[in-house]
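Letters are used for the chains, namely A, B, C and D, taken in the order the chains are written, and counting of residues starts over at 1 for each.
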């Protein structure tokens, strides 16, 4: 399928998301679509899939004008997509979600056996461990993303659009996805791939189109002919080397948070570690290893069955989340920004200021918009949040800019301990560095950070020490020497030791 | 009579078949007494605030005499007071406003007396002994309390020969009535000898349920002359029903309001009003027991009562120029 | 589950009152169950897509008097009158759905307004005077029974089975729940969201019409007030049965159990000769107790 | 168009205007209706009718507020009528039977309202059961309790000051309307300018996100229900002053109207978004249509039909206006 995008334009109140974009996607290629947060990538994908109608311009499929009134039309035309935001039916099973466009019907009734069997086939391409009969709302963010990918694959469409499909999955699943994509390419399908991870784009894609502020900065250039720095400069608009974060000097301070023998209702067993003041403590593990759940337990969102938590040496008990935040000053940036991080219907200003409302209020107890604005503006500037105004609803920002808001609000809060879960999912390279710098900066001011990330380079850049988690238990602790190769090998060593043990166990039970 | 340019409104508490005769009464009164307008105006729902809004709006439109069925016996008084301060006389029709009130007087069924007489009739039909159940209307309606008291009084007078098993209230909605009454019959039909219904809907539902059961042993005395109840009487499923006189209330009400609004007459201070628990100025619009004996003729009986009251009311209760 | 509360209630009542388990009382209870059940289903379908239908009662009233009027005044045969009545219900629901979808206005407001329109037509036509002379077979259906089982129970039971099948096993049924679960996701999956919402409203209207006709047969007359007090119960049953107001999660069986529970409580209070002043209070207390019991179990299950 | 220094300029008045555009648009529609009724319905703008409208409006507004504050949390309160009547009956009992002076009696009645609302809130938070079910049951419980204690008697020998207040006129408005406006002003301050109010809204918009941001969500829900109870009691007492008597039938019919005003005014049933001014204008719209139709003598039994159609017309107009405004603003900027 050949797709021609011909001077397409789209505006939202206050924003020109796309200002006349033209390029072409050929059959049998993986076409990268790149650009900074808010450049217009997702908007373009939504136009191609019939979610939005363009204000101007045409879309041609195999040379014929296509005019999609709804996603239904696009699907009928053989187009499928993984959108940036998760779009699953929470109470439906994994299998039914995957097959929903195309439920197998027998004698007028849905044939669930068949549905699950077919779903299994597509899910197996990426991750065989997910149960097709599980309810989607019980899955982790990463697992949902995998289901979403399987769902897009199930349509076996001529054009497949993937908007940051690898944002919250680990390398393991990403590689499986790439293998599938390469196979589809060889079958002559056209694929559009959006990602902020330059390395994987270079490794996977054939050509690249770069968007900048809604305009084309590079149209369909061959990746082989582009260097990393040329792509970056096309994205940010000037010759600029993206600054690498400098070496961190971290003086071993007093313990800020000590955890001893923690067991939780979620399944953690005997977890012990110490987070020192001003330290960035990394927590690495595969999807589903229980990192997010550990964070939950630490902020009073899960029942603690045994063990002790000490804050600055004193044992504490945490009643609930607001107790953790307001009394013990422990904050948590969720990996699930849509459901847990942001109030999508409220303006940026309120989302950033929410953690400090009681503190912002004037002596009369009055909290004015101006006060909130004064607190939020510098952060919005630092993180380069692209928006017509701070009054914009967060839900109307681009995915990456939403993520920035969810980080910004915790940088505003003055907590002593901050747990950060997958902070730079969907963030462009330039802002990623800015966020890294900000995290380093708050630790210098005395905040202790626990960093959960599936992004290995990020982990190795930022963390002072790295804990490795597997199956809800800590299996290793490594002092970070910030050299990528040896570090990643050691981390994976801890994980693989367990994986092999697990696999041999499985084999034993099969045998 | 002389032509008058008064505009009279007859306002029930809400839509209800009981008030249907008021429309004819209004038309007849307009013609018979040569009044500029007599209109039947119904609040859209059975809610006090809708009734008061309607009355206020009619006042704005120049109506100057109001015959009102109080949607709430007490709640209506502030509105009536307002009417009085705008020189628009008001009568409480069919039901009374609770004293102290500015309503000129109340022309209606004496609910206490009617319930009392109904119960007496029931007891008589049961042969003076047995167990009865009282089916009543909305518990929050003060009239319901009066009716409960009246039933209890009639029962007490039998000196123990008749016992009251229970009051069942809040049976004013069709479905609630159907459910509660059938549940009652389902569980205890063998212990019950008589039913006294003191509200429109439960009368109808009880009559129907007894017919469905095919039970002529249980005696029923209802209220009002709904067709279902009348048929039940004819076929022996009900002993009787307490007829009220809605037509007369509307007709006489319009007549008196015209006289009052014209300023020709005033209510006599020493008129021979009946005193009821609700008001000291009550005129009975007539109630009678419909039974097999008079089922064919009760309408004429009511007409006669209406004419009697109408022709005597001026001299008995009013003071005219 | 709710079934436990019901079982407890059943045992207590049969111990308390020998009359409880008589054939006639069971018949009476089953009979009072019919209309409420269908009405609860009517609301359940709009809840399924995350909408509210405040016009159920009003539409029911309109259908009831239309069917009554057609049989009494126009002399239509029963089947024609009932058929047309169902069509009116379907049409009213369709109007609700189309207005909601086409204008993009909250269904709450739309159905509140159309409720007023339906009731307005009802009152305008009848001037609140019922139709009494319904054909004999129609009325006989309303009171007929096979031992303790009223004929009236047949349509609701059929409706429940069909609905359960529809929601669990047919594509439109699944789409309905998908739209309620996540309207945007459903749309991206190519499900015609608007059409599905219209479908939910139309079916809701149809069920309201069935409820109205059953009520009419049960009462033996076409009362303009039919439906006037359906609203709260129509929500209460699905929600006590665990439906989410936000949509996507409903259960036919749990809704039916909730109706049984409430009917049982009401029947029990009459049997127990509860003092009228205590009826309301006990009703509230018992609902709370039942829901609390249900909740306790849910918490136990989650903890385990 | 990255975040530039013109942020400060853009926000402020512009933001306020765009946020209030819903309320302003609705107000426009109300004005159209007023013009129509004033020219077609004789007597619509007569002092007496204006007074009557203002009095009805005042109570409708406060009833609407009572529901609005729980809508803010994404919950519902079906018990507002029950709470209202409990407060009214307590006030009546205190004044008539115990001879308590009316300022004290009214205060105690307001406190009872707050207490009953608080009990709802606590029950909802502690049990984790949907507010719909809890308040459905508590409505029954409260009304039942009131009936048991009062035996449904009416208190109508109240201090004359009570009824006098309800009859009083300032020009052609009732002082009740001034009370309603004052409550509205207080709510504006609460939801716009205090951390508490903002927390309630945040909890309603996304409870999970609010909780993870440190907002004490349970407390916010309890506060909202307490406030709802207080407002229900206030509405009840306003009605008490209007009727001059405490009766057990007050509050029975509050449920639907209580939703109508805030939802017309732009409140989301899913929570997190309300408009105090919008709710007041929503109530005004409904009162206007009802009063106008009554005065235009739209026939008796057909009135409801016209009421429904007018309401549809009004919301359609409002909808059309919003869509049109959006298109225009896009056209200007693109």
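By definition in this document, a contact is a pair of C-beta atoms (placed from the backbone, for glycine too) under 8 Å apart; a residue touches a chain by one contact, two chains touch by 3 or more.
The structure displayed is predicted, hence computed values, not measured ones.
**Q** If I average the CA coordinates per chain, which chain comes out farthest from subunit D?
**A** Relative to subunit D, the chain whose C-alpha centre sits farthest away is A.
**Q** Determine which of the two chain pairs, B-D or A-C, is joined by the larger number of C-beta pairs in contact.
**A** Contact tally favours B-D.
**Q** What's the distance between the Cα centroids of subunit B and subunit D, rounded to whole Å?
**A** Taking the average C-alpha coordinate of subunit B and of subunit D, the gap between them is 36 Å.
**Q** Whole-Å distance, subunit A centre to subunit C centre, using C-alpha means?
**A** 44
**Q** Using CA atom averages as chain centres, what separation in Å is found between subunit A and subunit D?
**A** That gives a centre separation of 42 Å.
**Q** So how far apart, in whole Å, are subunit C and subunit D when each is placed at the average of its C-alpha atoms?
**A** Each chain's C-alpha centroid was found; their separation is 29 Å.
**Q** Could you say which residues in subunit C touch two or more other chains, in rising order?
**A** 119-120, 123, 127-128, 277, 279
**Q** For subunit A, what residues touch not just one other chain but two or more?
**A** In subunit A, no residue touches at least two other chains, as defined above.
**Q** Where in subunit B do residues touch at least two different other chains?
**A** 15, 42, 44, 139
**Q** Taking the complex as given, what residues does subunit C use to touch subunit D?
**A** 52, 54, 99, 103-106, 108-110, 112-121, 123-124, 126-128, 231-232, 235-236, 239-240, 245-246, 277-285, 287-288, 291-292, 295, 299
**Q** Flag every residue of subunit D that touches subunit A in the complex, lowest number first.
**A** 1-3, 7-8, 10-11, 15, 18-19, 189, 193-195, 198-199, 201-202, 205-206, 208-219, 268, 272-273, 326, 329-330, 333-334
**Q** Note which residues of subunit D are touching subunit B in the complex, please.
**A** 42-44, 46, 48-49, 52, 56, 59, 147, 151-154, 156, 163, 166-167, 242-245, 247-249, 252-253, 290-291, 294-295, 297, 300-301, 303-304, 307
**Q** Provide the residue numbers of subunit A that touch subunit D in the complex, in ascending order.
**A** Of all residues in subunit A, those touching subunit D are 9, 11-16, 55, 213, 299, 301, 320-322, 324-326, 331-332, 334, 339-346, 349-350, 354-355, 357-358, 360-361, 365-369, 373, 377, 380-381, 384-391, 409, 413.
**Q** Under the definition above, what is the set of subunit B residues touching subunit C in their complex?
**A** Contact set of subunit B toward subunit C: 15-17, 20, 23, 42, 44, 136, 139, 165-170, 173-176, 178-180, 182-189, 204-205, 208, 212, 227-228.
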